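Below is one structure. I have some questions about it.
Labels A, B, C and D are assigned to the chains in the order they are written; within every chain, residues are numbered from 1.
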Amino acid sequence: MSIFIDRDTRVVVQGITGGEGSFWTKHMIGLGTYVVAGVTPGKEGRSVEGVPVFHTVRRAVAGHAADAAMIFVPPRFVHDAVMEALDAGIRKIVTVADGIPLHEALRIRAAAREAGARVVGGNTSGVISPGLAMMGMFPYWIDRVYKPGRIGVMTRSGSLTNEVTAMVVRGGFGVSSLIGVGGDAVPGSRFAEFLPDFQADPGTDAVLVIGELGGTMEEEVAAAMESGAFRKPLVAFVGGRTAPEGRRMGHAGAISGAGSGSAADKVRALEKAGALVADRPAGVGKLLARALGTASP
Amino acid sequence: MSIFIDRDTRVVVQGITGGEGSFWTKHMIGLGTYVVAGVTPGKEGRSVEGVPVFHTVRRAVAGHAADAAMIFVPPRFVHDAVMEALDAGIRKIVTVADGIPLHEALRIRAAAREAGARVVGGNTSGVISPGLAMMGMFPYWIDRVYKPGRIGVMTRSGSLTNEVTAMVVRGGFGVSSLIGVGGDAVPGSRFAEFLPDFQADPGTDAVLVIGELGGTMEEEVAAAMESGAFRKPLVAFVGGRTAPEGRRMGHAGAISGAGSGSAADKVRALEKAGALVADRPAGVGKLLARALGTASP
Amino acid sequence: MKLHEYQAKAAFAAEGIPVPNGILAVTVDETVAAADGIGYPCVLKSQILRGGRGKAGLVVPVRGADTARREAARLFASEQGVRKILVEEAVAIDRELYLAITVDAVEACALVLACADGGVEIEELARTAPRKIIRERVDLDSGLLPFQARNVAWSLGLEGETAKAFAEVLEKLMRVFRANDAELAEINPLFVTKDGKVLAGDGKLSIDDNAMFRHPSLEPGRDYYDSDIAFEAAKEGIPYLQFGGDISLMCAGAGLATTVYDLVNYEGGSVANYLEFGGPNYRKAVRAMELCLGNDPKVVLIVTFGTIARADVMAEGVAEAVASLKPRCPVVVCIRGTGEEKAVGILRAAGLEPLFDTEEAVRKAVALAKGGRP
Amino acid sequence: MKLHEYQAKAAFAAEGIPVPNGILAVTVDETVAAADGIGYPCVLKSQILRGGRGKAGLVVPVRGADTARREAARLFASEQGVRKILVEEAVAIDRELYLAITVDAVEACALVLACADGGVEIEELARTAPRKIIRERVDLDSGLLPFQARNVAWSLGLEGETAKAFAEVLEKLMRVFRANDAELAEINPLFVTKDGKVLAGDGKLSIDDNAMFRHPSLEPGRDYYDSDIAFEAAKEGIPYLQFGGDISLMCAGAGLATTVYDLVNYEGGSVANYLEFGGPNYRKAVRAMELCLGNDPKVVLIVTFGTIARADVMAEGVAEAVASLKPRCPVVVCIRGTGEEKAVGILRAAGLEPLFDTEEAVRKAVALAKGGRP
């Protein structure tokens, strides 16, 4: 089972004719993803990996009933691309680009909330359900890193993802769905917003959260556990526990939410809520085994 | 019975210390309206007609649980006043000022829709349920014009209102609730949006619509009748049947909706939907009697 | 307030929308000099605010100085009251599009209208080929997003650089629309030239009257109005419409005025003008009647049913107006609402017969107008 | 990118926010001339990007030219690297407020923060008196509406003209925030003068790095960076952070780098710098290692786990860097991901020992650093 994407999800790829777009379209299809159409303004009539290309998302949706959009456009065009997908009625969107201007990231999230849509990213590798489908850029062909299984994973960091999923596999587990919410200060979707999906997913036994210092997303996960809204076992890793203060976070931004944004505070909040927190990636396998009451191999 | 306002509606008056605000606060209270608070920035601590005044709507709502806002501020401040009321959680708003800039009127209606609120006006006398309460400026003390009864009235024109309600009374009827949606090109609420309320109101036997050339509000009423959404008897009067073309309406604006905007088209649409249409105000009494199957006195 | 073509184009150009080279001229000599400067062939475009200028012979291509002089002289002398001529270069056109931005009152947003068949009036298009009209709704706060402009361009069947140029014009037209508090910004036709460029062949820009306070430089001059009286009324902020008949209406409120206008016509009468006597003008009876009498009407008909605009105050003003202006025509009064009991006495003292029924007042006015001056 | 106080105040003043009279000086003589021009008493404010300038003695009031000269000389000579001094008039203050605009990542809007106790750091306030902080959320598209500014003003307990002046400053600060793509626009303290005026006592403005392309004039100079290497890296678009330790990190991705930083510390090591070797920089191994070696580290530690940033390409670059730069310190490599099989051979051929486990790589680097140079 999976959340967000499965083999019936009808994906339109925005920016499909670009280098990244065409490369990853091939690999998305390779994994089994149902890519129904592509969009590049001005290139209607072409095809990429057998996928027909349209000028606009509206036309792609009209002809191919796409219900999810995978966006491969440069950061300063992401806002327009997301708005175009929302306008065309799409409610599942993944955008990978690193460098979306902050104020546009705010508008993207605001528009998504208003539309009742989910935008994942930017600055992420995307979303993958190993063995099924993906919207994003994951080297699923490396077996020691990506294996289907029953652990839901959420991560802020693209670069840590391979590192930590390798540890999940090394621990004897596999991944049901992995959601890379992305490393931006204002991601389109936040950790806690996926907890209801993981809670409801019969294919997920436990969730692994890969967090880091800054912001309040880990505190929100802790709050969802405290409130009883999320009740499956949860293991976390939080990077930046020894990071010197002020070298990463904004200034007044940190006080806008509940927490202070420090890794130590996040660990405290998660542990208080009942999560098992690893102090290093290599620790997550053992903690998953403990959380699930299985013997670690 | 009534729609929109009754004696339990807790009204905050924005702009209460102004000439118009204080004058009509007195008369609203005189009719029985429950005015719980007033707002004029900078005048907190005063009182008008025994009603306490606050700096902001938020404070007025916090202290007095107002659930409706009556706005008496000059036209160029109406947008801000409406947004302030919406922000404070108020979902019933009447704004009377004539001269709200068009783009602000668009923003007002857009914000109201987004909030699930109802803004009546501008450029209106407001809303009255004779014998009960009012938010607006009606000379309810003139008996031959305002009498409680079982006819719901909706009007675009402030100046025609007294003229036509006098005809309702002369016809032997009275008014359950009168909604002046206002004469602006972009009113906050439209005729058809009140039809479900009149349909549901056990105190309303029939509805009288006072329309005029321009826009598409009358056509929308006809559509609601055609669809079966509104099923009570409906009588209408449409002004401007002999008006020369192009002397009132915008240009491309007229084609944005369903109809051409001419009074003749409106009459045709309403009659086709089963409404009885008077060609002059004096005709409405007789048509109401016919619609209700009663003998006109 | 509707702007002239040359003003609309100036507003377009200020946002970077390409327009043909043009020079405004107010005399025959200036027109010829402008045409010489621009070069032949060029086009003389009369700057008046009515549609169908082409069919009416008010837009004429000229191929040399002689015809330019002859046509300019004809235009300035025409009955249409041409006071300004825009002299414009002739453009080598490949096709003409329609493009406009107006408001959508139901959805509460701006509305882009476009059509691949330009040069035709949009009302005509809406009647004959409604499905050819492309609509794109635009939130006023977030503005037109690039993808929306592209949607319109591709829906029109444009391609390549022309699609891009069109999308740019549309984005700029939205800025014109917002910056000017427009109720309508229209380019019809929008030229596509033989070399794929896009430029505004004509321009309409209509500013929201309620937002004129934000655009003091656009204050309208005499040439916006049908008559001197309309101009005088506008200067004093009194809504006024000029018609061709013989009954002069002083009414409080546009809705009531429209109804009285209908009733006058039903009774076989005709309206000379409508002057707004309500709202902030209800204390200006003397000036209002003075303006109405300027039309030399057969009857002045006053109809009000006021709440704030008190009947007694209006009656006093009317009494004073009758006393000071001594109108040669009869004055029919139907003044009701707050203070109406008091008004009755005032009007009777002034020698007027107060009526209370609108239809009765209209019938009386029409009868008096038909009977000629008493 | 954080701006200096004088730049923030220039941006504030450009939108009409009142600021004290001030002159920027870059030498002792200029400082004294500026102070003479402004008049005494005035304040010398060191333009450096760290907080707590007052406590550190980097903001000093002066009462005459002699002290101005002495203090300016002291400041320019201080260890804090003061390169610019803002000389400002002394203001007769009645009270100090806190005002800032930042972002609310959860609600996806701008967030106004205000407090009646100014002069204190907001983090301090959030800890000690969170209920004193007034919050107002602002939609980025519709902007700050007047009622919101009034809500904040009255929540602060301001009255009359001061409330009005505060609301105006807030509306202007929102324009600064939007026009500059700010992540933070802060006025702390915001002075209320004895005659009820409101002006910016200090100014912080931090521009979103991802939006710097819209603000080319703000391109940061050398004085924004901790070190020459950081400045060099920035000029080439390579993210770089300077620390005090002895292990130089070349990592692909901030998340992985943060984790490696932790692991180094857990093992008792210390980090000299972090240089971003991922994303668009993964082909820049030679330049990246050159910058790292500029720190004279005891070890260079390279950790990646790439997908698009191919392991074999990175390995080739590292091999080339080792060959051309001939580092005097050991290089520990843990390069994995797409193409890692091929990378192994390349690294071995370059005389390096490829590792596959991050912790193992970290342990080795720390051991080497502790053991001194081989």
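Note that in this section a residue touches a chain if its C-beta (ideal position, glycine included) is under 8 Å from a C-beta of that chain, and two chains touch if they have at least 3 such contacts.
Please read these numbers as outputs of a predicted model, since none were measured by experiment.
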Required steps from subunit A to subunit B (each step between touching chains, minimum): 2
Comparison of A-D and B-D by number of C-beta pairs in contact, larger one: A-D
Centroid spacing, where centroids are CA-atom means, of subunit B and subunit C in whole angstrom: 28
Whole-Å gap between the CA centroids of subunit B and subunit D: 55
Two or more partner chains touched - positions in subunit B: 107
Residue list for subunit D, restricted to those that touch at least two other chains: 139, 141-142
Chain contact graph, described as a line, ring, star, complete graph or other shape: other
Every chain pair in contact, whichever chains are involved: A-C, A-D, B-C, B-D, C-D
Touching residues on subunit D, where the partner in the complex is subunit A: 100, 102-106, 108-111, 113, 122-123, 126, 133, 135, 139-141, 178, 181, 183-184, 186, 204, 206, 208, 210-211, 213-214, 241, 243, 251-259, 261-263, 265-266, 278-279, 304-308, 336-338, 340, 357-359
In the complex with subunit A, residue positions of subunit C that touch it: 142, 145-148, 150-151, 154, 159-160, 163
Touch list for subunit A against partner subunit D, complex: 20, 75-76, 98-103, 106-110, 113, 125, 137-139, 142, 155-160, 162-163, 166, 183, 185-187, 190, 210, 212-213, 215-216, 220, 239-244, 247-248, 250-257, 260, 279-282
Contacting residues of subunit B [partner subunit D, same complex]: 41-42, 44, 55-59, 77, 79-81, 83-84, 87, 107
Of all residues in subunit C, those that touch subunit D in their complex: 139, 141-142
